[in-house]
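Presented sequentially are two complexes of chain A, the first with chain B as partner and the second with chain C.
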Partner chain A sequence: MNNFAKIFTVAKKEYADALKNRVFLVFLFFLLFLIGVSIIVAAFDFQGKVAVYQNALLKLRQSGQVVENLSEPQFFPLQLLRGAIEYLEIIGAILAIVLGYLSIAKEKGNNTLQLILTRPISRFSVYLGKFLGNALLIISVSGIVFVGITLVVDIVGKTMLTGSQLYRIFLTFIFTIIYLLIFFSISTLLSILLKSLPNALIISFVIWILFVLIIPQIGDTMDPDNQVPGGLFNSLHMVKADQTAILAKFSHYEKMRDNLEQTSLTKHYERLAFAFLGIKDTYNGKSLEFIFSERAIDGWWISLASLLFGVFGAVIFVKKRVLWKEE
Partner chain B sequence: MKKNNRFIIETKSLTKKYDGKAVLDNLNLAVAEGEIFGFLGHNGAGKTTTVNILTTLLVPTSGSAEICGFDTVKGSMEVKKSIGYLPENVKFYDNLTASENLEYFAKLSGIKNSKEKVTEVLEFIEFTGIEHKKLGEFSKGMRQRIGIAQAIMHEPKVLFLDEPTSGLDPMGIKKLREVILKLNREKRMTIFMNTHLLSEVAKVCTTIGVLNHGKLVYKETLENMLKRFSDEESLEDIYFTIGE
Partner chain C sequence: MPIIFTIAIQEVKVLFRERVFFLLLAIFILMTLASSFIGLVATTTTTSIYNASVEFLHQAGTDNIPANPLNALPALTNFRNVIVYIFLIGSLLAIVVGHRSFIRERKSGALPLLLTRPILAEKLFFGKVLGISLALFAIISATFIVSVFSSLLLPFRHLVASDIERLFLFYALSFFYLLFFALVGLLFAIKTKSESLALFVPVCIWVGISFVLPELVSGQTPTALLNPVTMDQVAPDGTFFALMRTYLGPLSLGWHYTSFSSQLLNNSLQITNAGIGSALRDNSGKLFILLIAIGVCLSLCFYSIRNYTIQEENIYE
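Right after this comes the complex of A and B.
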């Protein structure tokens, strides 16, 4: 049996183990349930808006008015994915942390890591097997989520998604996997690095709270447009040009706020996903070339972080001699 | 196995230090092929550290260790192919059946026909009829026998057992002892056993070594040891005399 087959054996076991783990299944259920509810509600709302428009057209036609000259309203079905992206940011990251912790902690606690490491398989291959198995699980979960929400938007929302819109969903799916792998790798790394497994879990969640909740929350609080529910500018019925002119006067403040938000990897993922899906108004209807030129930095940040934490975990797993509970 | 090797396990000036403190201090140890070697010592004497180095899990601070002529650091992959290991208090995967647990380790050991091998090994250790039971339902004694099964799956030349009888009831100890003797007799497997239980040493081992504060203070065949200390009333008395 070659080395690849051994890596595959480890990966297959990781995948199967997670699917039997109750903690993982509970968080998976919550994630799918919340995303399901959010997307179905949004899709019905979307369908309702389309129906209102079509009824209005029908009534105008019935009253003998010419409707062909009226400009068509714009609907943005990809914006329905906002809730799903936010749940992936929050609960998806928890799911990834749980996976990373279980991958190492159970083996450490059971002393099975010692058994595995005395088999003729290199430490790197063991790590790679564990990484691949869990990465495959993250891909599967994200795949189910994105296929599911695409179908709901398509069927419940009664909107025919274009090839370009499907491609944007696909890009978001890819960067969701990369984003979730960051949290998986952080949790794995800490479980390898720290003697105390509860501490590894606690620190993973502290990082999660920082990236997912605290930094974005501070950023939102500092946003001048966020001081009134629904947006300050919207409530004042201010046109975009005036908004931009006002914000220009606060450019230093805005830059500081932006820099703070950029320290959160979650915010990078959100900005990229919201740009792809046109959830952020600035990018709605814009070409992918434009989005990439503006938001490539977010893609680079999360890709780099994912790679760095993954590689760092591999190095520690290979180099750290005592990976198990010391007697 | 490399040729021209007198000993299947050999350490030369093996030293392991943690934070400058020597846990193993210039350990020179040699175990011949086919022996059942009982490695005795009080808690913290360095027995587990020795086994961890011999099984490639730890790297020595200085000195060297060889298994079947292969250095445990430079030739770790060859060493891994030659050894089986059962650590103390290993729990395995409770959510898997006995077969699934064993097949997993068989595959990691590079065995292609893992299913057939599992059946063969369980028959050899006379532990059949439990293949489809989950490990969570197993007693400590049953787990230890599964532990032995996983360790001999790839027919290693040397089997390392760390406190194998720890926590077992008398029946569990008896069954495990029978398996160890059978492995040595029928498979010609060299067995290196860390233990506290002097009674077990007397029943199973052919040679004993006593480790005290990281140093090998005594090594002799059991037969010679009993002759030499014939004045002592029990093995415990011999052990304490050696320790002094």
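Right after this comes the complex of A and C.
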């Protein structure tokens, strides 16, 4: 059996094992359910906004007031995906952690790693096989999620997505895979590196909570316009151009806040996905060339992190003298 | 010393010896401390932005400028980020406390010995619950002290006695919220065969309670639920959200915790500066639901420990 065939055999085994694992299946169905729920909630939320607009319009007309200043809520089907992207950030990352943990834990728990390594297969090939199998699984899971997302948006939004919109979803799908591989690699790395598997799992969760929830939350909380209910500038009735002029004087603070947010890999993924899908108003309706020119750095960051953690995991797996020792 | 206390004290001692627990605890306390600092930096900058805006508006010829809205916010709003950190890190820490409490016994092999003596099953349960409660009490007390000291050390508006009372009630509520998650962690550590599943299922429940149910009830996305300014925003109108509020509202413990905490810390969008009595009265239903949830978890844990059968375990699966 040549080396590639060996790697492929390990990958196939990883793929099949994960599909039989209850923990993985629980999280997969949970993720699919949450994404479906988030799109439906977003659709009802939009309907609510339309109803509020129509009520306000009716009242203004009845009282004989001018209605030109009232702007009608615009429907952008891809904006329904905000919650779905957030759940991919949160639950998708947990799913990837589960895969990384199980990939190593099952071998350590069953003492099969020692047996595998007595066979004529290099440590690097075993690692590569495991990585490939799980990467294929992440691609399959993301594929199911994004096909599901497209169908639900079509049905809930009562519209057929255009070719350009489908291409934007495809780009988001690609970067979702890269993002999820970061958490898979972190969890695999910790499971190889630490003697205690539960500690590896808990530390993976600590890293997850920091990257996914805490750092973005701090950045969001430090936003000056988030300090007062309704927003500071709204309370002063200031138009957007004036707000920008004022904030320009506090660019050092904004830069500090932005730098803090940039330490979170999740934030990079979110910024990129929100730009592709037009969830962030600044990028809604803008060309992909414009989006790439503005947000390419986010793509580079998550790709680099994914590569680095993957390579680091491989190095540890190959170089660590004793891979598994009973506590 | 009664055996229940021996088990409880042993529980706390072992827990505080664990490095991972200490790591989580350190992050939790650091974040509590950081939340005060973050609040200070953000409010100072916002005040400067307000002053610059006033100058700008004056130059543009506007006279009728509203007063700085930050000055109208109560002193306790400086601690509003703590709600988020208890909601996020605290509950995850509590799951780990509950989970480790039983998994430790399973892995050490002490459980078969303990459960060969029938009377010990009940005592083991009460000892474990007491130990978990003591550990959580120590954690909550430490964060309460950190909050009070940070208010004295940082140039905040000083807290008056009623503010301290509100802060105390908030931490008391947080204790019960964390106890619920610790019991969920304990329950699945008893019920589930594999160690990983025993941790993953409570994490799933945590995500459901913290994000899914509040989203269905309030229409807010997960990240919006982590913004202390808007976390208790009312749901949009419509039949869907009305139905969700009616049927899922009572189960939405995370939503109850954040909205009740917001009122206690005077951070609520709905009621600002409402008296403590009024806040407690308005939220007695939410507190009742939380206590019921704790009661249900306690009963399930008790039943599970009594009926626990020793089996050959592959805890790593």
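Annotations
What we mean here is this: the second predicted complex is superposed on the first by the 280 of 327 C-alpha atoms of A that agree within 3 Å, B and C clash if a C-alpha of one lies under 4 Å from a C-alpha of the other, contacts with A are read in each partner's own complex, and residues count from 1 in each chain.
One rule holds in what follows: a residue touches a chain if its C-beta (ideal position, glycine included) is under 8 Å from a C-beta of that chain, and two chains touch if they have at least 3 such contacts.
Everything quoted here is computed from the prediction, not taken from an experiment.
In the superposed model, A:110 lies in contact with both chain B and chain C. Of the two partner chains placed by superposition, only chain C is touched by A:245; chain B is not. Using the contact criterion defined above for the overlaid structures, shared-chain residue A:301 touches neither chain B nor chain C, since it reaches no partner. More residues of chain A lie in contact with C than with the other chain of the pair chain B and chain C.
In the superposition on chain A, A:26 contacts chain C only, with no contact to chain B.
Applying the stated contact rule after C-alpha superposition, one finds that A:173 touches neither chain B nor chain C.
Residues 109-110 of chain A are contacted both by chain B in one complex and by chain C in the other. The residues of chain B lying in touch with chain A in their complex are 48, 55-59, 77, 80-81, 83, 85, 87-93, 95, 104-105, 107-112, 150, 154. Chain contact summary for the complex, chain A toward chain B: residues 1, 5-6, 9-10, 13, 17, 20, 109-112, 114-122, 321-322, 327.
Per the touch definition, chain A reaches chain C in the complex via residues 22-23, 26-27, 30, 34, 37-38, 41, 44-45, 47-49, 51-52, 82-83, 86-87, 90-91, 94, 98, 101-102, 105-106, 108-110, 197-199, 201-203, 205-206, 209-210, 213-214, 216-218, 220-224, 226-229, 232-233, 235-236, 238, 242, 245-247, 249-250, 253. Listed in rising order, the residues of chain C touching chain A in the complex are 19-20, 23-24, 27, 31, 34, 38, 41-43, 45-46, 48-50, 52-53, 56-57, 60, 65-66, 69-70, 73, 81, 84-85, 88-89, 92, 96, 100, 103, 194-197, 199-201, 203-204, 207, 211-212, 215-216, 219, 221-223, 226-230, 236-238, 240-241, 269, 314-317.
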